[in-house]
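Here subunit A shows up in two complexes: once beside subunit B, once beside subunit C.
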Partner chain A sequence: MSDAVARLGAGAIALAETVGALALFTTRVARAALRPRLDRFETWRMLYRVGVESLPIVATTAIFAGAIAVVQTGANVVKFRAYEVVGWAFGFSVFREIGPLLVGLMFSGRVGANNAAQLSTMQVTEQVDALRALAIDPIEYLVLPRVLSMVLMMTTLAVIGNAFAMVGGIATSWAMLGVDPWVFWNSFTEYVTLTDFANGVIKAAAFGLAISLVSCHFGLAVRGGALGVGRAVNSSVVASAISIFVLDYFITWILK
Partner chain B sequence: MSALRFAWDEARGVARLLADTAQALLRARPPAAVVWAQAFDVGNRSVFFILVTLGFLGAILNFQTGFQAQRIFGDTSLIGAATLPILVRQLGPTLVGLMVAIRVGTGIAAEIGSMVVTEQVDALRMCGAGPVDYLVKPRVLAGLIAVPALWVIGTGAAWMAGLWVTHLAFQTNPATYVNLDLTRGADVAEGLFKAVVFGILIPVIAAHSGLQARGGSEGVGRATTQAVVSASLAVIVLDLLIGAVAFGLRGGAGA
Partner chain C sequence: MIRLDSVTLVRDGIRLLDDVSFSVPTGQALALIGAGGSGKSLVLKLVCGLIRPDSGRVFVDEDEVSALDEVRLMAVRRRIGMVFQNYALFDFVDVGENVAFPLRQWGDLSAAEIDARVERRLSQVNLTDATRKLTSALSGGMKKRVCLARATVHDPPIMLCDDPTAGLDPVTTNRIFALLAQLRAENTATAIIVSHEVEALRQACDRVVLLERGRVVFDGAMSDAAQSEYTGLRAFFEAGVAP
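Right after this comes the complex of A and B.
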């Protein structure tokens, strides 16, 4: 019994420590961002790596997200013969929720995990200490460009992802439900508003910020060799997923 | 088109490892104690994570649905009945699968990957214990046990969170929310089937990435990233395929 209580307490303390460390890290990044001295070369490189290299995976995910949304509403559409609202149901659920959520989780797996792996490898091979010895602030040189490019690129990828999701949605509703693409398009443009679109993009930007901060934090906080790197990646994606869901809930709540 | 080529190679490698594992399972079953220890790792250690993420998912789903229902029909009494089937057959298994890919997939890839780069797997081979028998088999069985259980727990958590949020946001009576009328046996079967497939496949994909790790801590990092991306993508692709087949089996009538 006391063992279980002790374990619960240890878990709570570990959780509080992680949240506290993340908050401290965020304030340090925010302070550095107030007087930004971005390394131009590093920023360009990160923008390219984060954006261009994750485009295939994001496009694939988005196509499937659009298709899944149509398949899952398909049963009700057929039952109620509601063929002219497919576009609306698709646009609302994908643009607002499923799109940003799945793209965010994939982005966290592709970019966030990669970033945590890279930074933690630099940390365990003492490259970060070498930077400090050269009087280069790792937050300024390593973290700021990453945060900036992840927020920018996650926002951009959400917009591009919406376009790919449209392709998946239109193709699936045409092939599976026999809905004419024009019917789909008209119902989409009639009912789906700019608010739905903006809602999803705002979410994506928030997810990008969370993923960048979490993955940089866990990457730089790594301890111990190769096993530590694996553990850092693991903690980074787990914490990213939790922050994505929590942020999603509160943004949904605030924006309605 | 190097991405396609890579995906093809990856799929082939995973299929081969899956076949090897099945063959090894037919030859000899791993000791039950090892399987249960792994199932504890996969299942119990993920429960808190699943409860948090799926709980929030249920809250979001019911809030969005209720908001739309209120705007269009002016009636929110059917939210619970309408969201439950989609939770059981699609969002529940898929999001649990993604969370397991994230939580457990990275863990397996990191563990096996660091064993590979520190040459422990080679040492195993020298002792006549292949990595499939010794490392992959118990993890696949553990996934098969734990993921369906997590599907039940996660879907339940999302459902309960929905009850709470509809009560808070739309003053829905909990007794009205608990409505199983629109949920069919077919929905449960579809969800369970997905959970079983994900439970088998995620450990295989993660182990495959881990076994391919090359070169120090950088290699482990790469293997871990690879595992979470491949496993998540596999979950999303299979969700679509199984969902489409189930839709066809129901005759497209939704009944």
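Right after this comes the complex of A and C.
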């Protein structure tokens, strides 16, 4: 019994330490963002790596997310012959919830993990110390371009993902339910509002910010060699996924 | 001038540096020697402000680096050139951009001036042909020379060299020490050199400090070191290896 309590206590302390360190790190990044001196080359490089290279995986995820939304509603649509609401059901669920959530999780697995691995490798090979020794602030040079790129690109990818999800949704409703694409489109444009779209975009931006801060923090806070790099990547992916769900809950609650 | 006053560094309950005090007057070169794990690299990182002591003070000229915040430390670090033991070269840019890196980031010089400086420094370290190579394609000796070129491209008045010849053959070792001497002479730089190359240190340095388990056990002129009563130091000079 006392062992279990001790383990619970140790877990709570470790969680408090992680949250505290992440909060301090966020404060440092926010302070640096007040006087941004972005390296143009590094920022462009990150925008390309984070955005363009993630497009295929996001497009694939989005097409299937759209298709899944239609498949899930399909049985009831056929049962009640409510073909005119397929577009609305798709738009409401994908634009508001499934789209940003799935793209966020994919983004975390691909970009966040990669970012944590790269920064932690730089840390253990003393490249971060070398930056500091050369009077270059790692927060300004490494973190700010990554945060900016991930927020911008996560938002952009969510919007592009919506378009691909639409393709998946229309194709599936046509092939499985026999709903004419024009009926789908009319139902979508009639019932889905700009607020639904904005809701998803706000969530995507918040997820991008969370993934960037979490992955940069765990990357730069690494201790030890290759083992430490593995631990940093693992922690980053887990913490990013948790932050995505927690943020999703609160944003949904605030914007309901 | 570099000065350490009663510096103590504790990590995980272990005293890595214990009451370390010494100074290096402007223009002098100090050999910092000792067995592996005696705290030599930590001393260099303390001087550069990369880590902070638990007690004691570290000065670079008039600046107390152990008390400065990260923003103010930047100004001090611009006067320092640090050669890392494990190179610490940036793997995302080529050799030329590694050397140009601090100058481009600081933005004080035009692109043409930066290119000229990089070309000059790379020719001094005999690496003109490697300008466009990635650092992963270089040998250990070449990496050390790139590291030296990057650390000195801004002509720093203070040089911190952490084992600049570790794992290199004797010819490359001599070449690197000759380069160090040349670069120091050009800028009349103050230097701390960590190395196990006794003969090279004898020629390159004015003074020697021996660290043992984080404590200074000898601090004196290089000429007195070989005749020191301290057997550990004599052994170092006689055998050419760390005691």
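Some points to look at:
Definition applied: the second predicted complex is superposed on the first by the 256 of 256 C-alpha atoms of A that agree within 3 Å, B and C clash if a C-alpha of one lies under 4 Å from a C-alpha of the other, contacts with A are read in each partner's own complex, and residues count from 1 in each chain.
Assume a residue touches a chain if its C-beta (ideal position, glycine included) is under 8 Å from a C-beta of that chain, and two chains touch if they have at least 3 such contacts.
What you see is a predicted model; the values in this text were computed from it and never measured.
Partners subunit B and subunit C, brought together by superposition on subunit A, fit side by side with no clash.
Of the two partners subunit B and subunit C, more subunit A residues are in touch with B. In the superposition on chain A, contact is made by A:I136 with subunit C only, not with subunit B. By the touch criterion defined above, A:V71 reaches subunit B but does not reach subunit C. Of note, the Cα-centre angle with subunit A at its vertex and subunit B and subunit C at its ends comes out at 110 degrees, rounded to the nearest 10.
Look at A:T125: by the touch rule set out above, it reaches both subunit B and subunit C. Contacts of A:D39 after superposition: subunit C is touched, whereas subunit B is not reached.
Once the two complexes are laid over each other on the shared chain, residue contacts for A:I242 go to subunit B alone; subunit C is not touched. In the superposition on chain A, contact is made by A:R231 with subunit B only, not with subunit C. Minimum Cα separation between subunit B and subunit C in the superposed model: 11 Å. Contacts of subunit A with subunit B, set against its contacts with subunit C after fitting on chain A, overlap at residues 125.
Subunit C meets subunit A in the complex at residues 45, 48-50, 70, 73-75, 77-78, 80, 82, 84, 86, 88-92, 101-102, 105-106, 150.
On the subunit A side of its complex with subunit C, the touching residues are 39, 45, 125-127, 129-130, 132-137, 141.
Considering their complex, residues 3, 48-49, 52-53, 56-57, 59-61, 63-64, 67-68, 86, 89-90, 94, 98-99, 101-103, 106-107, 109-111, 113-114, 117-118, 216-222, 224-225, 228-229, 232-233, 236-237, 239-240, 243-244, 247, 250, 252-255 of subunit B touch subunit A.
Across the interface of their complex, subunit B is touched by residues 11, 56-57, 60-61, 64-65, 67-68, 71-72, 74-79, 92-93, 96-97, 102, 105-106, 108-110, 113-114, 116-118, 120-121, 124-125, 176-177, 225-231, 233-234, 237-238, 241-242, 245-246, 248-249, 252-253, 256 of subunit A.
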